[in-house]
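You will see two complexes here that share chain A, one where it goes with chain B and one where it goes with chain C.
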Partner chain A sequence: MSDVRFGKQEGIFMIVNAMSIQLFLGLPRRMCEAGGPAGWMIPLYTSLITLVLFFLVSKLYSPFESKDILDIAHFAGGSILRVVVGIIFIIEYIFALSILLRIFGEDIKIFALNQSPLSFVIIFFIIVMVIASYVGIEGILRLNIIILPVVAFALLLVLFGNINYMEISNLFPIFGTGPYEIFVKELSRISIYSALSGVYFIAPFIGKHKDFKKVGYWSLIIICLLFTLGTMLYILVVPYPTSTEYFIPFLHLARYVSYGRFFQRIESVFILMWTLSAFSYLSGGLFLLLYMIKKTFRLEYYRPLAIPIAIILYSICFIPSSLMYSVTIEGEILRRYAWIVTFAVPIAVLIFARLVKRKKEGGKCNEKV
Partner chain B sequence: MLADIKKVLKDLFIFKEPEKIEKFILKEKKSETRQYNESGNFDDGKAEEENKDEPKSDKEETGGEVTKKESSGPKKRGIKSQFAPITKIGDNKDKEEEKCQCDNKEDNGDEGKTSKDVSTMTKVSKKLSDNIAYLKYRYSIPDSADVVIREFNITVKGKTIPTFIIFIDGMINTDILDMAILQPLMLLSNMEIKDSENDIENIVKNRLLPHNQIKILREFSEIIDDVNFGGCGIFVDGIDVAFTADIKGWKSRGVDRPNTEMVIRGPQEGFIESLRTNTGLIRKILKDASLIVENVTVGKRSKTPCSLLYVKDIVNDSLVEEVKRRLNGINIDYLIDSGELEQLLEDNSFLAVPQIIATERPDRVAAMLTEGKVAILVQGSPFALVMPATHIDLFHSSEDSYIRFPYANLLRIIRLCAVAMSLLLPGFYIAITNYHHEMIPTDLLFAIEASRERVPFPSLVEILIMEFAFEFIREAGIRIPGPLGSTLGIIGGLILGQAAVAANIVSPIMIIIVAVTGIGSFAIPNFSLGYAYRILRFVYIFLGAVAGFFGITAGLFLQGIWLTSAKSFGVPFMSPLGPVTKGAAIDQVLRAPIWKQEKRPDYLNVKKSEKQSHISRQWLEDDKKRK
Partner chain C sequence: MKKYKIFAVIFMILMQTAVFTGCFDKRELDDMAYPVALGFDKGETNELRMTLQMAVPTNISGGESGGGGEGEKSAIVITVDTPSIYSGLSMFNTFISKQINMSHIKAIVFSKEIAQEGISKYLHAMIRNREFRPDASIIVSRESAEEFINAVKPKLETNPAKYYELLLEGYRYTGFTTNTELISFYKKSESDSIQPIAVLAGVGKYKSSDEFDLSKSTYLERSRNKPLEGDFKGGALPKVGGLDIETMGLAIFDGGKMVGELDGEETTYHLMVEGKFNSMYFTMPDPLVEGHFIVLHVRRSRLTQKDVEMIGDKPKLITKVFLEADILSIQSGYNYESEENIEILQSATEDYIREGIEKYLEKTVKEFKTDSNGFGNKMKSRFLTWQQWEEFDWPSKFKESTYEVEVDVKIRRPGLIVRTVHEARSNK
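After this line comes the complex of A and B, so read on.
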């Protein structure tokens, strides 16, 4: 894998796809639950905070060009720190992937394959994930570039198709459930950008530090716009508190789209687009997980792990007793506390690594490792 | 049996250490390496100039031999290009071998021996009888009745010298043989030659063989190769070399319209089976001295002549070397057609779509050569192979360049829709009717329901019946000769379809689906791609039946992964979409006006990326100045 390289555009598309998948799940609904008609403010201000955090990360990252977080941890604290950091990320990724696998499967079962057992639906995801991660990250990233514009087109279709149903009055009261609820209690919602942790592992593939920064910043800016506009669109069409009841908000928005008697109920086409994005996210996620395990434990190959890890994910995804429980875990645990793994751990490791570097080189801490 | 099954399962599921295969990567332009960028010296103009200043090819640097090269800079991929040292494959120069200066005793080992065992001879003997005996042995004369040996005498400087010629009847032009070989040797040799030259070999070569392509050879293998390919071998007693003359004259069809890529606007010439005629057709279009036509021979027994074409000062040298390496590495007995060669050269035999473009059109080959691609022509095949190919290239037609860009874009969009329909329409129909009924408008739903009411089969079985019937009709139509074939196809389709509907085996809407699918597949410009999508269509039918849109999406994703990870001679197969390279909007997916076609495709890393100047219509600038 040392010969794999890709550009910043591919990196941006990968991170954007990984984060944007939440828009097709329950993000707009969760924002409405938290902020009411002002739920659109939450992604906006949390993205600003995330940009500041990423600015800090990128500054600390500058001497470690083309190194991933595990290499930095190894530099800072040897094998022990590398393994500890690696295990933290591995656990987070396993948790996220298995929960989202369950949610994707349940959603497909509800809206498309009602008669099919859940295990049958999820096995499709598993097969695609294994094959895609086996093929490698290059294929996944290149396909991302083709898929994302298609998904963006679908979103625009939903946007323009719902123009007739938008009501500005749905945005009032302007601060919804109150500034304290929005700006203080929901501060932990910076976890909705937890997929940004992928950028720490694709740094060796991207190469240059300035490209690494561009990937991070542009991904965050695009996602901020996407989440804010997506949530705003949802609130404009579906007023609060009805907006807290729809399980997959964008699917319901797609249902509203109709042009005459012929173009109606096109949410199945929306499922097609959304599923492509889900496949891309899960495949990329599994690849990064395998890559993490390979680097953490200094394995020579990652491909033999694809099937066993996929089976583990498949098994774990059935642990939650129901879809509601899975959604609760995703919303209240993953999307509240993942910021610790995405920001706190890397910042701590980077600060430690910088201190170690300064100690080793006696003050030349800005030179590249 | 059990052991075989166990072995198969073991191979499938137990991880094997991957072989250390270093895949070919197209050498990058210096200006695009990371080191170049990091030093901050990146400049388009300078890069171009530097490319111009650099030696043009490895051959010039190393005096004719190809050396191993590594890519440089931090973007170094860690792969050494391990192209096998390539010896000169062959050239078009007349092989003027010097007369052997060595002692007669050394190289005339056969001479002077009392034994007549000629089977071990490798070189031409000075004794004519030995040469005749050897050739009779090699060609199994008189068993091979079409191999003709004609013995006669020539007179040189007053001396009568026995001579013979050997040729294969049916492969030579008898008029040229008589006029340019036999007549001069038999008759003109009697004339007084006003030359002080006394050497028989030189006299025969310079005075008695007024033919434009004469080779002087000593090895029997080379002489036999030439005779086998329409040449005539001339042996003269007393000299240890033979002459071969190229007098090919077998019957072949004339240059005609291409069968598979017909266009309304554009040249109507297509390749034929004759290699030299085909190279001539390309040279007629590209009158460029930098167009190189290298000779290659493939096949140990068939010794099929092939030609490797490229434009020396445009093409990426590593691409040419890789093509040569693959050609040299083919170890087969016989090569009959370019289709076989395509299968032997392509990167992945199991990829559904072709990775090499096969075309019958010289103008298309010429256009692709000017972009920096490499072409191969095979003797006996009217299809040229051009590489590398991307998936987008397979959707292009040569007509796109000859018509105005709005029409070209319309045709491309229609083609894309046709391809999408041929691949996905049956699968979508199955998915919608089985899983996503809510998508169907109510009126249409009633119509479908009414038409399917009496059909006893599920829609999956219906569509499979009709698809197979359509494939049978298509295949049968090809096998039946003449006008009857197409007529039978039409009548068979009409009658079969109508009868099937009347018998309530299938619904009328299914006939429409299958017909539209079939027409869509005919709209695919690339013949091989049409086959690929015919196969994949069944996969999507199955996926749609099993899991609706979800299954189709899974199939599309896997196909996408498969294609994006594939390469064609080092070029990612889905360029310029994934990875994104420059020029995607100029002539890849949609076509910009011709005066915007300034750059060659970026993914080829060619030596000269600019193919026309920024102001290609100077007359427009002059008009502006006048105003």
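After this line comes the complex of A and C, so read on.
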């Protein structure tokens, strides 16, 4: 696995796909709940804060080229810190993957396979996740490169198909629920960019620090545009407060597309796009989770873990009693507090590692480890 | 190369998982029954009387009727009394061999009685279900929905779904109805800056042309001697010929509750103000020769400009409508085509339409008290936060509105006749 190298483009695709999945879940609705007609401002301004945070992270990261965050934790605090940091990330990934596995499965059941048992629907995601993680990061990245253009095309289809329904006045009053609600109370929404944590683990595969920075910045910029424009599109079509009602906003938008008698019901394209994105996200997520477990506990192989971990995720995903409960957990816990793991923990580890490095090397803290 | 093969195999497996999962709960197209219209009345023995018009695919394709052409046989109509929509569907499924699937519903018909009580609870139930299409049309029937759906007997179409589609698209060239999609209706019913509308329909009563009477026409309200084509509401047209249903006019709602009706002509003005007007044959009195009419083919030339100005505490609704027209008929034979006379016709047309729009606005503001043209959407942009907008309370302010209407008409073409020459009579 350590021999595998990939370019910044593949890295960007992987991170963008991992983050963009929220657009097809409840992100636009959640932004409307918080910001009303100005819901589109939340991803825009939180992305600016995230860019500043990533700038800080990348500055601190500069002497640790080709090292992942667990290597750095090990450098700073030995095995104990490595295991502690590793367990924090492992818990976050298990939590996120199992919740999203449940939501993907439930959503597919709601709009496509409503007669099938949920356990049957989710098992297909599990199979794909296991196969993909066996194949490894290279296969997952290649899959991402195929999937992303398909997803982009489907998004454009939904965008252009809804032009007739767009109403500029839906964006007013311009500050929606109010500046305090948007800019202060929703500050914790920087957690919507939590999938950026993947970049700390793909750093050894990317190699150069310059490329690491590019992957981070470009992923954030692309996702900022996607989230902001996606939420704006949703608000333009569905006015507030109706916009707070729809469970899967983009499914509704896809259902509105209708040009003449032949070009309609394109939500079937949306379902394909949805499934491909979910496969890609979950596969990448499981691979990174296995990678973390391997690195944290200094295991030699990660592949034998794939099936047991997948079964654990499969079991955990059924713990929430209902879909509403799963959605609340995703929206109010994962997308509010994940910033602690994505930014606070790595920044603390990196600062500590820099101090240790300075102490060890007597002030030459920018020299590469 | 080996890695590429592995990748290809995985990709194929991924694609197939998406396809094969459908087998678990597959439902053949042939095992389903597809209603094209759904009607709601107040029930006699239960809360709701629900009527379904169901397509008979074998007759549509010509299988049983030997080549099609008999639209009325291509659908069956059934009615039940039920406590709710979905319990009604369960009841239907007890005697229909195929499972009912609502994904091809084209028209959702509410009786006027049920619409006046409020239809929000039914809309919520439909929006929640993935089978109901967002582009199904909302119709309010002045008779019972059951009577209306039973009267739908297309003569030119074998496919009832296509009949509804074409019928409800007709507003583009008649100007007497509009498109009232389920989703637009739903969104407007929850908005405080625009209110929903629905197509007004009815069932013609006349068996022969000798029975025609004008008691239900609205021409007297406009102090006319005889009705023009827009002086009717659905179900009141003097017509016979087997096609019993009529769609003319609009039902005006306040939230989910119907509060009034517009006739055909008022609907035209509604479309002009809203900016949805496309084109129509427009009849107006000759401005110079009494007792004669001029018929124009009127089209929208530019988007309607709307604005709201606050004068003290009262809103002033400002509308500017831009139209262009071709001359179709000048009954008096007056030479309006000439350069000097065309101005007279243009300005008379502008005055006529402006007066009509003012009367229409007077009705919506003072009588219905609902903003069905969305002036509130313009007003909303003046506020910074949603809280300020809610405190402003547009719906109550709207009732105090005054209005200023400007109409710009350009007569572009005289048709194939460039100058009217008077008829030559032997006995003058």
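Rule of thumb we're sticking to: the second predicted complex is superposed on the first by the 369 of 369 C-alpha atoms of A that agree within 3 Å, B and C clash if a C-alpha of one lies under 4 Å from a C-alpha of the other, contacts with A are read in each partner's own complex, and residues count from 1 in each chain.
The rule we apply is simple: contacts are C-beta pairs under 8 Å (C-beta built on N, C-alpha and C of every residue); 3 or more make two chains touch, one makes a residue touch a chain.
It should be emphasised that the depicted structure is a prediction, and the values quoted were computed from it without experimental measurement.
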item: Partner chain in contact with A:Leu272 - chain B first, chain C second, else both or neither; value: both
item: Chain B versus chain C as contact partner of A:Ser191, first or second or both or neither; value: neither
item: Chain B versus chain C as contact partner of A:Ser116, first or second or both or neither; value: both
item: Chain B versus chain C as contact partner of A:Lys208, first or second or both or neither; value: first
item: First (chain B), second (chain C), both or neither touched by A:Val128; value: both
item: Which of chain B and chain C A:Ile145 touches, first, second, both or neither; value: first
item: Which superposed partner A:Ser58 touches (first chain B, second chain C, both, neither); value: neither
item: First, second, both or neither for A:Pro37, with chain B first and chain C second; value: second
item: Partner chain in contact with A:Tyr301 - chain B first, chain C second, else both or neither; value: first
item: Shared contact residues on chain A - chain B and chain C; value: 112-113, 116, 121, 124, 127-128, 131-132, 135, 138-139, 142-143, 146, 261, 264-265, 272, 275-276, 279
item: Contact footprint of chain A on chain C as seen in their complex; value: 3, 6-7, 10-11, 13-14, 17-18, 21-22, 24-25, 27, 130, 133-135, 165, 183-184, 186-187, 190-191, 193, 374, 377-378, 380-381, 383-389
item: Complex interface listing, chain A residues touching chain B; value: 2-3, 5-7, 9-10, 108, 112-113, 116, 121, 124, 127-128, 131-132, 135-136, 138-147, 207-208, 261-262, 264-269, 271-272, 275-276, 279-280, 283, 301, 303-304
item: Complex contacts: residues of chain B adjacent to chain A; value: 15, 17-18, 34, 38, 74-75, 77-79, 432, 435-436, 438-439, 441-443, 547-554, 556-558, 560-562, 564-565, 572, 574, 577-580
item: Chain C-touching residues of chain A, taken from the complex the two chains share; value: 36-37, 110-116, 120-121, 124, 127-128, 131-132, 135, 138-139, 142-143, 146, 165, 167, 169, 172-179, 238-242, 252, 255-256, 258, 261, 264-265, 272, 275-276, 279
